[in-house]
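Quick heads-up: structures coming right below.
Both complexes below contain chain A, partnered by chain B and then by chain C.
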Partner chain A sequence: MKINRSNIIISLYILFLMVPIYWLLNMSLKTNQEILSGFSLWPQDLTFDNYITIFTDPSWYDGYINSITYVVMNTVISVAVALPAAYAFSRYRFLGDKHLFFWLLTNRMAPPAVFALPFFQLYSSVGLFDTHIAVALAHTLFNVPLAVWILEGFMSGVPKEIDETAYVDGYSFPRFFTKIFMPLIASGIGVVAFFCFMFSWVELLISRTLTSVDAKSIAATMTRTVSASGLDWGVLAAAGVLTIIPGALVIYFVRNHIARGFALGRV
Partner chain B sequence: MSLRLEDISLSVGGEAYIYPTDLTFEKGSMNVLLGATGAGKTTLMRIMAGLTPPSSGKIQWDDNDVTGVRVQNRDVSFVYQQFINYPTLSVYENIASPLRIKGARDAEIDHAVKDAARLMKLEEYLERTPLELSGGQQQRCALARALVKGAGLVLLDEPLANLDYKLREELRSEIPAIFERSGSIFVYATTDPEEALLLGGNTACLHEGRIIAYGKTGEIYHNPQSILAANVFSSPPMNFAWLTKYGSEVRIGGALTAMGGFRDLEDGVYKAGFRPNHMGIEPELNSVAFEAHLKSKEITGSETFLHLDHEDDHWIGLIHGVHDLPLDQDHRVYVASEHIYLFGVDGELKRPAPYMEGWF
Partner chain C sequence: MTKPINQRAWFLVLPVLILVAFSAVIPLMTVVNYAFQDSFGNNEFFWVGFEWFEEILRSERVHDALGRQILFTLIILVIEIPLGVFVALHMPRKSGTWTSICLVLLALPLLIPWNVVGTIWQIFGRVDIGLLGYILSSLGFDYNYTQDSFDAWVTIIIMDVWHWTSLVVLLSYAGLRSIPDAYYQAAKIDQASRWSIFRHIELPKMKNVLLIAILLRFMDSFMIYTEPFVVTGGGPGNATTFLSIDLVKMAIGQFDLGPAAAFSIIYFLVILLVCWVFYTVMMNTGKVDG
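Right, the complex of A and B next:
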């Protein structure tokens, strides 16, 4: 293969991107002593103890279970709410529809930190503090508008005549929506699920504010490992590696549709 | 089975799309809606189907008022100009879908789908999805779905407009025969006057949201009741010239004639009209001669189109055979007086062209 300049640049770029991930993996397979003692490109004293700690210590693996629980709840709620909303925006004209559609996104213009305090106070006073649903609901504030935008783009790509043909054929609305329409925008739904999943999975501040023990997320767990003996570097790195995996899995399934998702379905 | 539109109209945001319209279609009839793009054909069909509620008026189906009835509960099928199918279902399931909804038995569905597929020559493609078919096959799939439903009212909105020439000819001759057997009411929208003539049945001419003529297709064509109707149902459009008559002197455009054909006419001013295919370049018995300036010509395989200026009017002549007439010169063209329609100054038909007398 001819080695030309663009190949070298791309290789360097990929290498540059891979370095932090490799270093994380590298650290997770070292002992704390080795991490702190000096520089080594690969583990001199290979150990899986860090991973064993995470899979055996409930205070660690509960973090994953909690995170996955509220992330899945959030994804399901967001998609379920966004589907009919996006359908309405794509198919009907109503008073103020354009404005409403635009202002939906303003929720995303504010940093999540802005909402941490009101959510904390509200959920504490109604007894939702430290529950999975609390975090899931809080995340829908950010995910539903984006989901509506992306789904609206995908839905607008489906000719309205298909809806009408289905009605003429005798389909009721729910049957048409589930049997004909949803399969048509399946890739859109996949992309939306991915976006919801990723936002909720990586979001730290709100999940940390709204949980303490029972629903503590993995990200929060990771920030609270500072003990009297200092940071447990190896375990923390192992937790980081395990945190990347679900995202990588999800991205693998929607990889072919992700570009259209970033274009909000409007391609 | 009959469909009756009573005083149907539609306006959106103060703009009239369909002016008050009355129409009746009988069982087993072929009805053509003819009009230019934007004349309101699709809108009128959508109202008939129940996809668009009319602003006023009633739709009667077998003497039942169905104006407010949901599309799902109407006995109707609809084929769009665009090829509309369910992209995620196989062709088989596409065709079967109206029957599945009705809850028909599998054997029954299989029988009906295979029958329809055979008619539409889709048997080989039943396992594919619609997007794996060519445009013509996609439209045949849509037609098969409409056929399978066995609806009492079949609405076809320019179903052949996006097909290539050969396929169009083929389907055009098949469609009426196929649906005639079903005994349904058939409504077929088209912009092509020739298509209307080939389909036969009844024709309603639409112009800017109004029905300007309705009746048997041949009659509407040969006896246009107004200049407007003559223009809608004529391709290329009819040619016109002013006609004045005082006593025995008759002047048509720039030509003086003392022909007997206009003897019974009252004195006055008329608009004379004749179809492009009635123009000739050789004199005939009783023909009026016009001097016209030839601007351009188009020669198809067997016909010659002449674009002529006669006084202030632009004329089109459709002459059989290939004729090599020099451009930018005055030529003498002939129109037999029996081919001349006379319209009043208001555009209403005053006297049909005599050649059609006794036909209807």
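Right, the complex of A and C next:
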């Protein structure tokens, strides 16, 4: 009886989450005339034209390629620099460690709106404006602190004796770190990569400010198309549906890590 | 576990420091620079001291935006935290296919780009083509989020609940999973009520993750920009102009760099202060629990 009630509550909640997404999918499979002419719960005459528009027009599909490029770059950079730092925080005490840790966290708290304009000036002045690496670096502002924070939690869960045994056995630090330590916190790295991917993928303000043509993100493409061509609801909805897919794929691949990772680590 | 003191650990932190210095400190110094200077163009700047800060602190417009921001954040926290905990308590405790499916579906709204979240609700709330707007208006409500401030608020709050409650659910669920079954069996033997199980077993175990959830939700809702910007553009009038929207209007729309920079610094300090309080509380409760 109790199990049933739980299932009903979860199902209702998931239904609440899914209905707006279904509506977007529904819109993306309609023609513009159908969208504007009347109200229907499912597409009356099914069309894939909106998707075809996106896949044949470079100004659309480039947006996806650009977004994925800088998101992957950002994830790799964030994880690579956060790993040694998190190890230092979890294993050693050093001058100013607590202050440094909090200062890192404050960067996660900085509103992107505050940084948009200075970023624009900084990256323009070093000639990186409108490149993928500029967005990737700018997004490390909030991803690196988060990565360090989560990884530190995972690493603290690994007993210190493992480090000591490895050193006694004659492992050098880099070899120990890559061969023994990293496999131990694999689900932690999975969770961190997931979070970095997620926060970089969903961010709009900074990526829109830092790009104009060559590295324009899909999010920026969407907002600009809205203002340029009137409201092409069908294509807009189709573009929206396509932005959900990479996220859904990522979460599908890391789902086991997430469940396990959530239980082990701090987040 | 006591940690040894080792100053060489600084070398491990160095990459992060260099990166964050580049992506945070330099831009922040630019902001500070603007906050104390004025310009007549041509890159000629002169010192104005705290003039911009006084202007911002006295500005009605900023006060209003701050008021709306605080109200919004409070409503969000009051709805999302209890709802998230409630849903997490009803998540299946055993792992299996059903649990995996639930987790994936729950996490889906978190992975949608924020402007797409805005677009979804912009469409969903429209009276002519959106399901929500259509149902509400056919039920006889006079609902129109582009005209009516109250409707705009309701739409944005439901949108945020839709978007972010899952984060609270996932975090609380993680906390719940770490409770050994033995605790529940002991409670069963003692014939503890559902409420006392929650109060004395589940809540203490969830305390730390809940603090993280509250902290993250506070920060993110206080910095909210994209979703309300896409849905209402800050309107109708200024009804949903939150701090970030106001700031971007000031900095990029009107190019008032001095006041905008001063605004940024005050904004940042407010968030920092609240987070510092939370952080201190978190660290202390961590110590008490061992």
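Definition applied: the second predicted complex is superposed on the first by the 246 of 267 C-alpha atoms of A that agree within 3 Å, B and C clash if a C-alpha of one lies under 4 Å from a C-alpha of the other, contacts with A are read in each partner's own complex, and residues count from 1 in each chain.
The working rule: a contact is a pair of C-beta atoms (placed from the backbone, for glycine too) under 8 Å apart; a residue touches a chain by one contact, two chains touch by 3 or more.
No experiment lies behind these values; they were computed from the predicted model shown.
Novice: In the overlaid three-chain picture, which partner chain does A:172 touch, first (chain B) or second (chain C), both, or neither?
Specialist: The answer is first: A:172 touches chain B but not chain C.
Novice: Is A:52 touching the first partner chain B, the second partner chain C, both, or neither of them?
Specialist: In the superposition, A:52 contacts neither chain B nor chain C.
Novice: Taking the superposition on A as described, I'd like to know which of chain B and chain C A:35 touches: first, second, both or neither.
Specialist: In the superposition, A:35 touches chain C alone.
Novice: Just chain B (first), just chain C (second), both, or neither: which does A:76 touch?
Specialist: neither
Novice: Name the contact category of A:162: first (chain B only), second (chain C only), both, or neither.
Specialist: A:162 contacts chain B only, not chain C.
Novice: One more residue to check, A:116. First (chain B), second (chain C), both or neither?
Specialist: Only chain C is touched by A:116; chain B is not.
Novice: Just chain B (first), just chain C (second), both, or neither: which does A:65 touch?
Specialist: neither
Novice: Once the shared chain is lined up, is A:218 touching chain B (first), chain C (second), both, or neither of them?
Specialist: Only chain C; A:218 stays clear of chain B.
Novice: If you stack the two complexes on chain A, which partner ends up touching A:183: first (chain B), second (chain C), both, or neither?
Specialist: first
Novice: Determine, for the superposed model, which of the two partners chain B and chain C contacts more residues of chain A.
Specialist: C
Novice: Could you please specify the touching residues of chain A with respect to chain B in the complex?
Specialist: Those in contact with chain B are residues 159, 161-162, 164-172, 175, 180, 183-184, 186.
Novice: Spell out the part of chain B that touches chain A in their complex, as residue ranges.
Specialist: 49, 51, 70-72, 76-78, 80, 82, 84-89, 97-98, 101-102, 142, 145, 149
Novice: Spell out the residues on chain A that touch chain C in their complex, using ranges where they run on.
Specialist: 5-7, 9-10, 13-14, 16-21, 23-24, 27, 35-36, 39, 41, 77, 80-82, 84-85, 87-89, 91-95, 97, 100, 102, 104-119, 121-122, 137-138, 140-141, 144-145, 148, 156, 160, 198, 201-205, 218-219, 222-223, 233, 236-237, 240, 243-244, 247-248, 250-252, 255-256, 258-259, 262-263, 266-267
Novice: What residues of chain C sit close enough to touch chain A in their complex?
Specialist: So the residues of chain C touching chain A come out as 1, 3-10, 12-13, 15-17, 19-20, 22-24, 26-28, 30-31, 86-87, 90-92, 95, 99-100, 102-116, 119-121, 123-124, 128-132, 134, 162, 166, 170-171, 173-174, 177-178, 208-209, 212, 219, 222-223, 225-226, 230, 243-244, 247-248, 251-252, 257, 260, 264, 267-268, 271-272, 275-276, 279.
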